[in-house]
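To keep things simple, chains are lettered A, B, C, D, E, F, G and H as they appear, and every chain counts its residues starting from 1.
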Amino acid sequence: MNRDDLKKILSDVKDGIIEIDDAVNSLKDIPYKDLHFAKLDYHRALRVGYPEVVFTEGKDIEHLRRILIDMLNRDANILATRMSEEVFENIKDISENMIYNKIARICIINPKDVEKVGKVAVVTGGTADIKVAEEAAITLEAFGNNVERVYDVGVAGIHRLFLNLDKIRDANCIVAVAGMEGALPSVVAGLVDVPVIAVPTSVGYGANFNGLSALLTMLNSCAAGISVVNIDNGFGAGYLASMINKGFTKNGGER
Amino acid sequence: MNRDDLKKILSDVKDGIIEIDDAVNSLKDIPYKDLHFAKLDYHRALRVGYPEVVFTEGKDIEHLRRILIDMLNRDANILATRMSEEVFENIKDISENMIYNKIARICIINPKDVEKVGKVAVVTGGTADIKVAEEAAITLEAFGNNVERVYDVGVAGIHRLFLNLDKIRDANCIVAVAGMEGALPSVVAGLVDVPVIAVPTSVGYGANFNGLSALLTMLNSCAAGISVVNIDNGFGAGYLASMINKGFTKNGGER
Amino acid sequence: MNRDDLKKILSDVKDGIIEIDDAVNSLKDIPYKDLHFAKLDYHRALRVGYPEVVFTEGKDIEHLRRILIDMLNRDANILATRMSEEVFENIKDISENMIYNKIARICIINPKDVEKVGKVAVVTGGTADIKVAEEAAITLEAFGNNVERVYDVGVAGIHRLFLNLDKIRDANCIVAVAGMEGALPSVVAGLVDVPVIAVPTSVGYGANFNGLSALLTMLNSCAAGISVVNIDNGFGAGYLASMINKGFTKNGGER
Amino acid sequence: MNRDDLKKILSDVKDGIIEIDDAVNSLKDIPYKDLHFAKLDYHRALRVGYPEVVFTEGKDIEHLRRILIDMLNRDANILATRMSEEVFENIKDISENMIYNKIARICIINPKDVEKVGKVAVVTGGTADIKVAEEAAITLEAFGNNVERVYDVGVAGIHRLFLNLDKIRDANCIVAVAGMEGALPSVVAGLVDVPVIAVPTSVGYGANFNGLSALLTMLNSCAAGISVVNIDNGFGAGYLASMINKGFTKNGGER
Amino acid sequence: MNRDDLKKILSDVKDGIIEIDDAVNSLKDIPYKDLHFAKLDYHRALRVGYPEVVFTEGKDIEHLRRILIDMLNRDANILATRMSEEVFENIKDISENMIYNKIARICIINPKDVEKVGKVAVVTGGTADIKVAEEAAITLEAFGNNVERVYDVGVAGIHRLFLNLDKIRDANCIVAVAGMEGALPSVVAGLVDVPVIAVPTSVGYGANFNGLSALLTMLNSCAAGISVVNIDNGFGAGYLASMINKGFTKNGGER
Amino acid sequence: MNRDDLKKILSDVKDGIIEIDDAVNSLKDIPYKDLHFAKLDYHRALRVGYPEVVFTEGKDIEHLRRILIDMLNRDANILATRMSEEVFENIKDISENMIYNKIARICIINPKDVEKVGKVAVVTGGTADIKVAEEAAITLEAFGNNVERVYDVGVAGIHRLFLNLDKIRDANCIVAVAGMEGALPSVVAGLVDVPVIAVPTSVGYGANFNGLSALLTMLNSCAAGISVVNIDNGFGAGYLASMINKGFTKNGGER
Amino acid sequence: MNRDDLKKILSDVKDGIIEIDDAVNSLKDIPYKDLHFAKLDYHRALRVGYPEVVFTEGKDIEHLRRILIDMLNRDANILATRMSEEVFENIKDISENMIYNKIARICIINPKDVEKVGKVAVVTGGTADIKVAEEAAITLEAFGNNVERVYDVGVAGIHRLFLNLDKIRDANCIVAVAGMEGALPSVVAGLVDVPVIAVPTSVGYGANFNGLSALLTMLNSCAAGISVVNIDNGFGAGYLASMINKGFTKNGGER
Amino acid sequence: MNRDDLKKILSDVKDGIIEIDDAVNSLKDIPYKDLHFAKLDYHRALRVGYPEVVFTEGKDIEHLRRILIDMLNRDANILATRMSEEVFENIKDISENMIYNKIARICIINPKDVEKVGKVAVVTGGTADIKVAEEAAITLEAFGNNVERVYDVGVAGIHRLFLNLDKIRDANCIVAVAGMEGALPSVVAGLVDVPVIAVPTSVGYGANFNGLSALLTMLNSCAAGISVVNIDNGFGAGYLASMINKGFTKNGGER
């Protein structure tokens, strides 16, 4: 509800087009759908044609069903993240039009065609980081970005990274996913001139403390141009990378 | 055992009404029921008509049964918190008069009617926080408070909170429940003039460190009027909010 | 800006009393004074007659001066917390009407008479906790509450607490301040029927980790009716206790 | 192998009673039995008539069997701690003379009569702490100490502790077991003049961080006469309390 | 040294234009200036006309002088961050063309005119966060970006943020700086559609643990479009925001 | 105030020897001296002839003076711990009879002769641990125990420990002080049959985290017979060792 | 790809032996095999005849199969670490030539004969540490080192270590594995003159915090000649010890 | 005292060459010099001609003087580490033959000529890490190793490392020193075939938590051949690298 919306409503009140009580109610009722246990926020997504996003982990299964069904009733394109196989089995009857990706733990419901623009590179340090990387990559594709996957190029065998630099360098933004020591984003950021979104993963054991080691590594990077999202937060990295890539590409895509 | 009790006993001793040894024993035997493995404290609850509260988690199942049965023998109204479904199945034969709430993991045994006064608002940041919020809400109701539930109004879509402010503002106390970044109580406290009890939840992943992130957020709030209970401690928040609400409402309930 | 305010403005617009642009601006300009580096929020304090509160620690000294002077120009009663002696020396020329409390590190500027109601007890575990307790006590007095100070009654000599119970028990709210093991609030809450606000202090050494030990103790209290504020946050505890005490006492003060 | 042993061996060598190589070997071979994967140390236990102690958790099940059988072959009295029911089921065929305590997770194999002297009090804050307390109590009994159990006397209902003080005060040593805020040992140590061994337990949730809160509380106690063992280490507390109790009682037992 | 560079050198070798040893050496010598204790990397900055950046904290003062002088000899525009007043006094003789900003602790040496494009908003929760915000803002300006400063709009008085939303919403990127509970970036990201770079600060006390609380808050944000840099890392946020802003604005600047 | 005291007062009341109000007051007034900011607890020390103990760190200097003077007025023998040289200079005028030990940071005021019994060994890993060890040793001597000091016998040169074993083995209790890796108590406890009180020190750097490393080492010792006090808590270890030594030696001193 | 390789390629280009594009490609294609989800690095192992190492934990099972099969197609000798029994059951059909060690969780596939040189001692504190020690020992043997296993010689019964010193002292390198307090490496390093690689294990409970206690102990060792690997990282210790042992023994093996 | 020493003493006793008491004493008196507060261990150093090492930090200044003087009386070559300038000023009168290195904080007293063999490379990520690197380098030289210093080659500008690879690759061991994200050792270990000793430094700010970030990075390295010493422990790394280098080079030095 921006300044223009406010002006319009005030103007309609002044002109007698709407009543005061209606104006007050209109400010109250539009922006979300109230299911009592959840308040679904439709206005942003509907405006820009993006998919609705539902973070499924931790939600009561009955609550989740009702949220998804309400969205389907509005014919929304839904990106449901962090969905376990068990949950998918439970809700898969609500639509015939679903794609479940087991590695990324993402379920896309009622998918819509979306033109892909620009390019984001998603790189990983190891093969065990791929599950997080795919969460980012699938999110990026669902939001209309071309994705270049460059997996298993961690710093312990740095020549594998260098021999793939060309693929990485023409991206508008890079999502760098790594667990264990998490050094990949620092090295990447020293080699490119675009924003690097670092995603620490919980991959590792012992003193990795469930991803803390990689998280701290990335936060303390001495390379410039890096920022960090939560441990294993592939979706957050993909969503942000989409914003950045579209900024770079909206006026033609060239850099 | 306050100063007056002490005076009475001393007076009875002086007047020869009771013997010295009896006086000594009377100081020993009254205040609790000793089951050897547990010492049940009945005096506070019986005095004020509130339910007995039993924290069930971690207790040996046989110990728990015997505690509950002893309470039932006194016709107590029992609020048993943190009860898993498995434990409920085990003990559900001890009374015919039980209500088990699976989401809040609370079992009310031998419930009694209690007049509800005043109003406490229970708000959550997301839908996954509802299980903790319901522990608070059911506790509040069992202790005789009206409850306004306002769920899923977290700061990432802050307009949902603003559009529900009226419901929140006429409460005497607010229980604000949030996981992940846990910012909801700060925003709420900036908008109201009543005590806000902040409940961090373990909802989230990665760098939430099982609720530590939300806990630290709430402890460091720069809004005034906030205090914090343990992670996921819905009962503690509800019990405290009841105390505060009753202070506000005892002389008529208006603010 | 509540629902009624909104209705009034809309009504004025409809009746032609104010112009649309003026209405939009009125929503923008009223609530604070903009010094560019600071946005001073006067509306709440002015409405209720409470002192303005300024947290001085960390602020640039020149910024602080300008904030205080702007407040003085409005004839505000100011409670400036966390003020070091060095800062006090720097700013003490701005008014002739200042009281600086070195132990509590509070400066009251342009103090006003305020009627004191009800009663809050402020208790400490040791003598080194007094500096935090005084921050709470002075805040409470500045906001119009009677205060009972009961210091140095920690759990290692628990009879000192019991012999002062009468003073504590007739308070409407208790602020319990303790460092080291921080066990005082748990014991107090088991002995009273009013809200206990626990304030961990950084007093101690070694494995107290600058107050973490006392903080965790208080968060994990198995007594009901306790909530916790930040380490050394005497102001926050005092402010919240004032809210609670006034709820208890507004209709006559008796409990 | 103390100074006297060394002198004796040297003397025997000088007198030609034993050969040099035998002397060297005697220094090598006596003190333990080598099973290759384990080196069983029999000399201390055999000297004093105490049970052999085996910490079973984490050991390979086949290793554990062979250790226990070797001990049984020497007719040792065995105290096997941290034994899950699953492990007990696996090894229970090795002897007909076994007592398994499920709450304490202790298995006593081939028990022997031992005279009990003095007195140690074992106190707990709550009922969920009993499993750790029983590990201490059973250890104490196996090592020949009288035990007074005083359970569920935590600080949130402190009168339960005071009404049991007599039982506690005539002990030579106190084992105080508590989870959650872990404040019991501080209060106890302020009321007695004997050593208090504090045992933090992992009982609790949220910000107890698996026992860290109780551990820090106990380490930071401002009462004198307290020391602390590892979280949930009932055995360690019992063993140490036995040492202390026997020092107090060896010359008659009175204090 | 990209694929094309490599092809050119190989081509020159084939054509006999350069000798093999020269080719090998050319790969070795070009990219940096070796001062033995430091290896200054000039190639990126010289290519794009940006200032050289020197992180001064922790460097030996004599090393720092020599690094700056070498850069000046190349007529570089230098942005020296984290420079204390004491260090500035020591090195200020090396050039007549220096601007030292005491709040941001930045020294710009040999500044050059740079055209400013687009817009980045820098917002803070409080006034004590301004020192970090200014590090970001000055960096942004030095790298050619327009900056909108919106300070002291923290979540405890959320209307101050809303009344400045217009200023924030037309930026291409937002740097959100906050200490204490650090909730500002979450709220901001819920209100805009551009990338939000969150900067936790060490402002606060007690359980803020020197910025850890704000850091965790920001990492766990449930709003999408946020990423985080190190505690107090204003430079890193500014540098990254510059990259993003320029991507948005390079083809005309409109969004 | 034990059971016998209570009986005596009740008996006196019954016999008319004292009035009821006097009896109530006698329960209130005896146990401590109230200085308002401090409540000095004299009853335990006076009963057993031990020195009064004052922990000076963190106390307001004026408070400290008044506490010490009140004690001197009762002719108490005072052990003031954690006293910096600066504090000592400030208070040294209150008595002519003071001994200040700079290394242990202990001030003994008005010392009294005390017979020394039994033996406690105080061992350290290195020379930098001596300051904590001396706090323990001086406390032990002030409370009437013979002390054997065995310093600088850490595990990295374990032969130094073995060559001093005789001195250690005939003690009734051992205080083992160590920083850095803190392994000394484990090794000692494996070699003796008496209680070992482990004192972690903050000696070290880097990953010692101000004593955390040594603390955790000692808590996790796999040797039996060890318990742990707070980091750098020499006084606590000495006080507890005194209790244990006196139990061992009260009936003749032999083991 | 070292300097000589580069010279050779350049030389071949100059001599017209290979084309420029081929040269470029040769730099790209040799060093690894690209399976898209994994980039297998064969050049180091093939050169020196060592086994390929695969860390199996966390890898998608289908990815793992394809990696192992690709390696088998090259007739590699494979050391697959951290392989659970469940994974082994899944992949055991890919070769007839496999040895699975359940304790060490290592699978050796297609083993080759390798001459063993020098000697590395692998010592453990307890029997529960053997699983990590065996990971180190089997790795050492697979890479061609003689191994001396000395298990269960922890510091709580230090004579067991001393009586095995001869076995340890003639090794070229020692791998010291310990959980709980983790003090073994310090004691060992004080007794030998060769490098000691310390491996903390997660063995223990409570305040061991999953190996943190042993890790910190080892990092803070005051003995010289120690370095530390990750918690439970038997492979890393074995691999490094192999490097060191081979340096000592390459010219004859004597020390 | 090894097996042969023991045999010799026993043999001498048997042959009547030495008396029993003398034999016992000889085992007690040889290995160290007892200054009471310190037990100086001379036997290892004197045997191999290495310098005595004294860690000066935390030692009482008078203790330190007496230790150094005792060593000088034996004409020892002394390497005194962690010596502040203030301490150096205090003790510099004890010898005329001293070299104090302010950056490394090392004082070499009574230096002796030592032949240097083999080669160790010491690399750093940045210039602020040089102080730790120099502690390692000077230690290495004092113990007779050639040192190659390669400073400021951190991963954010990785080409600087590659262009110095030749210098690094012919070392027998590499000491890799890095603060902030601490990624350098992982990259180095992936490029060489020799042991890499990783030294985390406390260089950085914010979420580096005084070196914790770099420490965790290095412990979690996915490269093989790395081990880690304490934060800022340049001496420990240098001492260990010397052991390894001498193993490689003792029989001619070639690899």
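Everything that follows uses one rule, which is that a contact is a pair of C-beta atoms (placed from the backbone, for glycine too) under 8 Å apart; a residue touches a chain by one contact, two chains touch by 3 or more.
Treat the numbers as computed from the prediction; the structure is a model and nothing was measured.
Least step count on the touch graph, subunit F to subunit H: 1.
Listing every chain that touches subunit E and subunit G alike gives A, H. The chain with its Cα centroid farthest from the Cα centroid of subunit G is C. When the interfaces A-H and B-D are ranked by C-beta pairs in contact, the top one is A-H.
The equivalent interface to F-H, defined as the listed pair sharing over half of its contact pairs by residue number with it, is A-G out of A-G, E-G or B-F.
We define each chain's centre as the mean of its Cα atoms; on that basis subunit E and subunit F are separated by 54 Å. Note on chain placement: the centre of subunit F and the centre of subunit G lie 49 Å apart, centres being C-alpha means.
Averaging C-alpha coordinates per chain places the centre of subunit C 38 Å away from that of subunit F.
Annotation for subunit D: residues 3, 27, 157, 206-208, 212, 215, 219-220, 222, 224, 230-231 touch two or more other chains.
Going by the touch rule set out above, the chain pairs that meet are A-B, A-C, A-E, A-G, A-H, B-C, B-D, B-E, B-F, C-D, C-E, C-F, D-F, D-G, D-H, E-G, E-H, F-G, F-H, G-H.
Residues of subunit F that touch subunit G in their complex: 125-126, 154-158, 180-183, 186-187, 189-191, 204, 206-209, 212-214, 216-224. Residues of subunit G touching subunit D in their complex: 103, 127-128, 130-131, 149, 151-153, 157, 159-160, 163, 179, 203, 205-208. Interface of subunit B with subunit D (complex): residues 1, 27-29, 31-32, 36-39, 41, 57-60, 63, 67, 82, 200, 202, 210-212, 215, 230-233.
On subunit D, the positions that touch subunit H within their shared complex are 3, 6-7, 10-11, 13-14, 16, 20, 23-24, 27. Across the complex, subunit F meets subunit D through its residues 2-3, 44, 48, 53, 55, 165-166, 169, 172, 193-195, 197, 215, 219-220, 222, 224-231, 235-237, 239-240, 243-244, 247-248, 250-252, 255.
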